[in-house]
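Shared between the two complexes below is chain A, which has chain B as its partner in the first and chain C in the second.
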Partner chain A sequence: MASYIMRRLLIAIPVLIGVTIFNFIIINMAPGNPVEMFVNPDATPAQIELEKERMGLNDPMVIQYFRWMNSLLHGDLGYSYSTYEPVTQVLLERMGPTLLLMGLALFFGLLIAIPIGILSATKQYSKLDYATTGFSFLGISIPHFFLGLGAIYIFSVQLQLLPTGGMMTLGSGGGFVDRVEHLILPVFVLATGIAGKKIRYVRASMLDVLGQDYLRTARAKGLREFVVTNKHALKNALIPIITVIGLEIPLLIGGAVITEQVFQWPGMGLLTIQSIMSRDYPTLMAINLLTAVIVLVANFATDILYSVADPRIKNN
Partner chain B sequence: MPVVETKKRKELNPNQHQHDKQEILHNLEKEESYFRIIAKRFLNHKLAVIGLIVLFLIMLVAIFAPFIATKDPYQINAAFGAPPSAEYWLGTDLVGRDVFSRILYASRVSLMVGFGSVLIYTVIGTIIGAVSGYFGGRVDMIFMRITDVFMSFPQLMVILVVVSIFGPSLLNIIVILGVLGWPSVARLVRGSVLSLKEVDFVKSAVVLGISTPRILFSHILPNVMAPLLVHATFGIAAAIIIEASLSYLGMGVQPPISSWGNMLTDAQSITVISSQPWLWIPPGIMIVITVLAINFVGDGLRDALDPKMTN
Partner chain C sequence: MKHLLEVVNLQTAFQSEKSEIIAVDEISFTLNAGETLGIVGESGCGKSITSLSIIGLLGKKGRVKKGNIYFDNEDLAQTSESDFRKIRGNQISMIFQEPMTSLNPVFTIGNQMIEGIKLHMKLSTKEARSYAIEMLEKVRIPRAEEVMKEYPHVLSGGMRQRVVIAMALACKPKLLIADEPTTALDVTIQAQILELMRNLKEESETAIMFITHDLGVIAEMADKVIVMYAGQIVEEADVFTLFKNPKHPYTQGLMASIPHIEYEEEERLSSIPGTVPTPQNMPKGCRFHTRCPYVTEQCKQERPDLFQINDTHKSRCWLVKTEKHNKE
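Showing the complex of A and B:
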């Protein structure tokens, strides 16, 4: 086990370095430079040039990259072009709301997908199975923003049950009920997308397992169908689903960008959009880097979990 | 059972060297029956057939948009944000353009982005995956780490950043989606190539001294086509959603060109959501119908091309 983890870690290091290089290159392709953002608009070209020299922007790319990496390793991600606050601080403020939203969405998405997927597989080709398939296809085919707008139209505008966006009612201080009310619609939108995708996986994985010989043995032993399905089959069917959940993380972050924008949820997704609009490249760079690290860690954890759940994996 | 038989036989010698005429004819026959079986299985998938018909209709709309449209989609009319009427079937947008005609023209954008970007990344991904899987060793190691790097960035995030740098436009969206989308294809092709490399017909081709590119392109890749086709179909659906999302955010196709996504941009205001639903519900429904149709086609193809399925 330890050697497997070591091997995976050794693979992750070059990828992590690659991520920083790729990120650095993309952002450096961006037009404009920080001097133009910070310097007094009346500055002469000569003054700007002097300032660029002072900030090291005329140095070769490689030197700039190492300088950036150096401050990165010291936890310094630079200053936001739009708010002039340290990027690290801005990110920390925005991370909580996004993690809350994503965590709840993943939880509810799976809470819907796993039982429905199992039912759908055990009753293959039944009406329920077709209905489930229809729902899951609809779930993956509706863009998050359209589902979000539709939800606002129905629940906020027509029925006036839930708020249209934000994290809490402004000026109310945000009690528990108020916060929950603000969470319902965005979590619903994200969870629908997740459930749509996962139902298919759970169903397929379950169908695969249901055809195995050891289940026939279990039945032949006289075990009840409920035990066969939910104990013997489910355990094995869930193994591949671990990977699928790991793969979901990057998609979830992408989905959060749109959903946060629709519901004006003050997380990293909304920050991304705001940074793009204001061409705030240090913030964008930091968001990209952070999300890439989250994805890498999620993949790593997935691999480890998978090898714990299925010992056959380590040997490959 | 006969289905499995035919398929198996085909897998064992899909491109054997045809020396005599009879064998060629024999092969053609097998090839044909293989396609017939696939087609039959696809036609059994009702939702896939409906999806294909719907997709075909949408393509017709896209091609003949100028003849179907009741108005010029770019012309600004006197009525701003007017509700649906006999003259403007789906009302007019906030600038006074006919919503119905704009929806028709927007189908062109979605299909172009969907097919264009997927074509680009499938080609790139196939080449990288095939080279990586076939040569293995250090080449494979390097390519796969690059793939890992690309896959570490949440797709929509990196697309948004790149679009903000190069500027949003139809062509840029197609190219950016195309250039960034290859890693999953590369992984898929690499995996298939790795397993095919060990199959006897490929080994015998190597022994016969056939050139490497020829082995890759005429012996290995034809056998990767099935999973690739399924992957590409779902990819088209995904690309259409991404384009719509980008355009909705104002980072995609720019007005006056209409895209289903940018037609929903106005719905960022709560007044439009609540009092002018004709502006945003119809284009949204068009996205759902198109994407759903393509996903059903993809599902049908997957079932039809899956060698494990027997009926």
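Showing the complex of A and C:
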């Protein structure tokens, strides 16, 4: 096991270096430059050129990359071009709200998806099954911006029940109830999408298991159908679902770009959009690097979790 | 003596997309405590459906449509599901064909053993554990205590079948249904498992319903035998009579298709021509007439009953009826 972990960690290093190189090239190939975004519109081309020179943007890309890499290895992610704050601080500020939003969305998404998926599978081809299948396709197909704007229109504009966006009412200090109110709509939108996808997986995985011989053995013992389904079948059905849930973990940190934009949620997704708009290279690079790390870690964690859940894997 | 199990005119049906399919029909037999009943027949003849009807595990689409299943004076065909659960795994238990897949891969042997024991015998976890170890030792599983902590995949097919047998016998059932318990095992292991089942039977008064398509296994295990064809019983006899004097052409065909080692090499192994009819297009008259070498016009038109040849021997064949008639 220890050698397996070591091997996975060593493989991760070239992958991460590759990711940074690709990102650096792509970002630098994008038209425009950060100076144009923040200088005074009256600035002369000479002044802009001077500023670019000062920021090192005129150096060859390779030099810029190694300069960035060098400071990264010293634990320094640089300063944001748009807010002049250290990138590390910017990321830390945004990570909390995203983790909260995405964590709740994933939690509620699964809370809906797992029981409904099970029910849908045990009552295959019933009206309930068709209804949940319909709901899940709806959840998958409705774009988040549409569902988000629709929810804002109904619950905020028409019914005036919930706030339109943000994390708390400005100037109110943000009490618990206020924060919960701000969370409801974005969590609803994200959880709907997650539940839609996961219901399909839970149902399919459960159907695979429901025909297995060992369930007949369990029934032959005289166990109640509830125990047969939720103990004997579910534990088997959840094994493949671990992988699918593992794929969502990066979103916990990476955030939901569109939903955060719609609800002005001050998280990583919104930061990503803002950084792209303002050509904030250091922040963008940091976001990309962080996302890459999280993807690798999540995949690794999924593999470990898999071997915990499935005893047949442990010994190999 | 009152029979332990008395099946009367059982008919089991399955709901398909459009229509209802009768899987087994007119099944009647009795079984006493301590007896072993062999049920033989080809795949799809209704052996398993009959046994699943008795243990009430037909699934959502199947149901006992007609008839009674008296077990210990209770009609299982009328028993509610919640009452049935108290009998299932307790007084009636079942061993299945595939030991490789009949244990749950993600729970330990111990967990799966204890589950049923706790449910029916009302023991504490600790008592159930030591009882489970005792049961595993009884089916001659070495290192029983460690095996309790193992997952099924580390055990061989033979060992897994022993675990399944231990699980089935844990609550000292009055009736054990063994649905091809040795079919998936290789021959040496098969012999060990049969030996084990015989010994366990001698120790207790458990009645066994032994389902198989292997006549050799029947000869070794059964006291009396039911031969099934196309969802019906075609012949019923004690094991000696059946092998010495099979009356139904189908049974005779089965007997003739057993390979004998002493036969001439050139001699072709005989087989019954044709295939089993599907429930959707059962032939008129005798269900076997399309494949029967002795078919008569009567066989094609009229459905034969299960005729009594003597006290213990019955056959569903017009020939038997005519033969008996001529004698009288």
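The criterion applied here is as follows: the second predicted complex is superposed on the first by the 265 of 316 C-alpha atoms of A that agree within 3 Å, B and C clash if a C-alpha of one lies under 4 Å from a C-alpha of the other, contacts with A are read in each partner's own complex, and residues count from 1 in each chain.
Note that in this section a residue touches a chain if its C-beta (ideal position, glycine included) is under 8 Å from a C-beta of that chain, and two chains touch if they have at least 3 such contacts.
Keep in mind the model is a prediction, meaning the values are calculated, not measured.
Colleague: Superpose on chain A as described above, then tell me if chain B and chain C fit or clash.
Modeller: fit
Colleague: Taking the superposition on A as described, I'd like to know which of chain B and chain C A:Gly75 touches: first, second, both or neither.
Modeller: It touches nothing on chain B or chain C.
Colleague: Please work out whether A:Thr164 is in contact with chain B alone, chain C alone, both, or neither, and reply first, second, both or neither.
Modeller: In the superposition, A:Thr164 touches chain B alone.
Colleague: For A:Phe137, select first, second, both or neither according to whether it touches chain B, chain C, the two together, or no partner.
Modeller: A:Phe137 contacts chain B only, not chain C.
Colleague: Please state, to the nearest 10 degrees, the angle that the Cα centres of chain B and chain C subtend at the Cα centre of chain A after superposition.
Modeller: Once the two structures are overlaid, it is 70 degrees.
Colleague: Look at the residues of chain A and decide whether chain B or chain C touches more of them.
Modeller: B
Colleague: Once chain A of both complexes is superposed, is A:Ile239 in touch with chain B (first), chain C (second), both, or neither?
Modeller: It touches chain C, and chain B stays clear.
Colleague: With the two structures laid over each other on chain A, which partner does A:Pro60 touch: chain B (first), chain C (second), both, or neither?
Modeller: neither
Colleague: Regarding the shared-chain residue A:Pro45, is it in contact with chain B (first), chain C (second), both, or neither?
Modeller: Touch partners of A:Pro45: none, neither chain B nor chain C.
Colleague: Chain B to chain C: minimum CA distance in the overlay, Å?
Modeller: Minimum over all C-alpha pairs of chain B and chain C: 11 Å.
Colleague: Residue overlap on chain A between the chain B contact set and the chain C contact set?
Modeller: The overlap between the chain B and chain C interfaces on chain A is empty, containing no residue.
Colleague: Under the stated contact criterion, what part of chain C meets chain A in this complex?
Modeller: Touching chain A: residues 55, 57, 85-90, 93-94, 96, 98, 101-107, 115-116, 119-120, 151, 153-154, 164, 167-168 of chain C.
Colleague: Write out the stretch or stretches of chain A touching chain B in their complex.
Modeller: Touch residues, chain A against chain B: 11, 14-15, 18-19, 22-23, 26-27, 29-31, 133, 137-138, 140-146, 149-150, 152-153, 157, 164, 250-251, 253-255, 257-258, 261, 272-273, 276, 279, 284, 287-288, 291-292, 295-296, 299.
Colleague: In the complex of these two chains, what residues of chain B are touching chain A?
Modeller: Residues 47, 145-146, 148-158, 160-162, 164-166, 237, 241, 244-245, 248-249, 251, 261, 264, 267, 270, 273-274, 277, 280-281, 284, 287-288, 291-292, 295-296, 299 of chain B touch chain A in their complex.
Colleague: Write out the stretch or stretches of chain A touching chain C in their complex.
Modeller: 212-214, 216-224, 232, 235-236, 239, 309-312, 315
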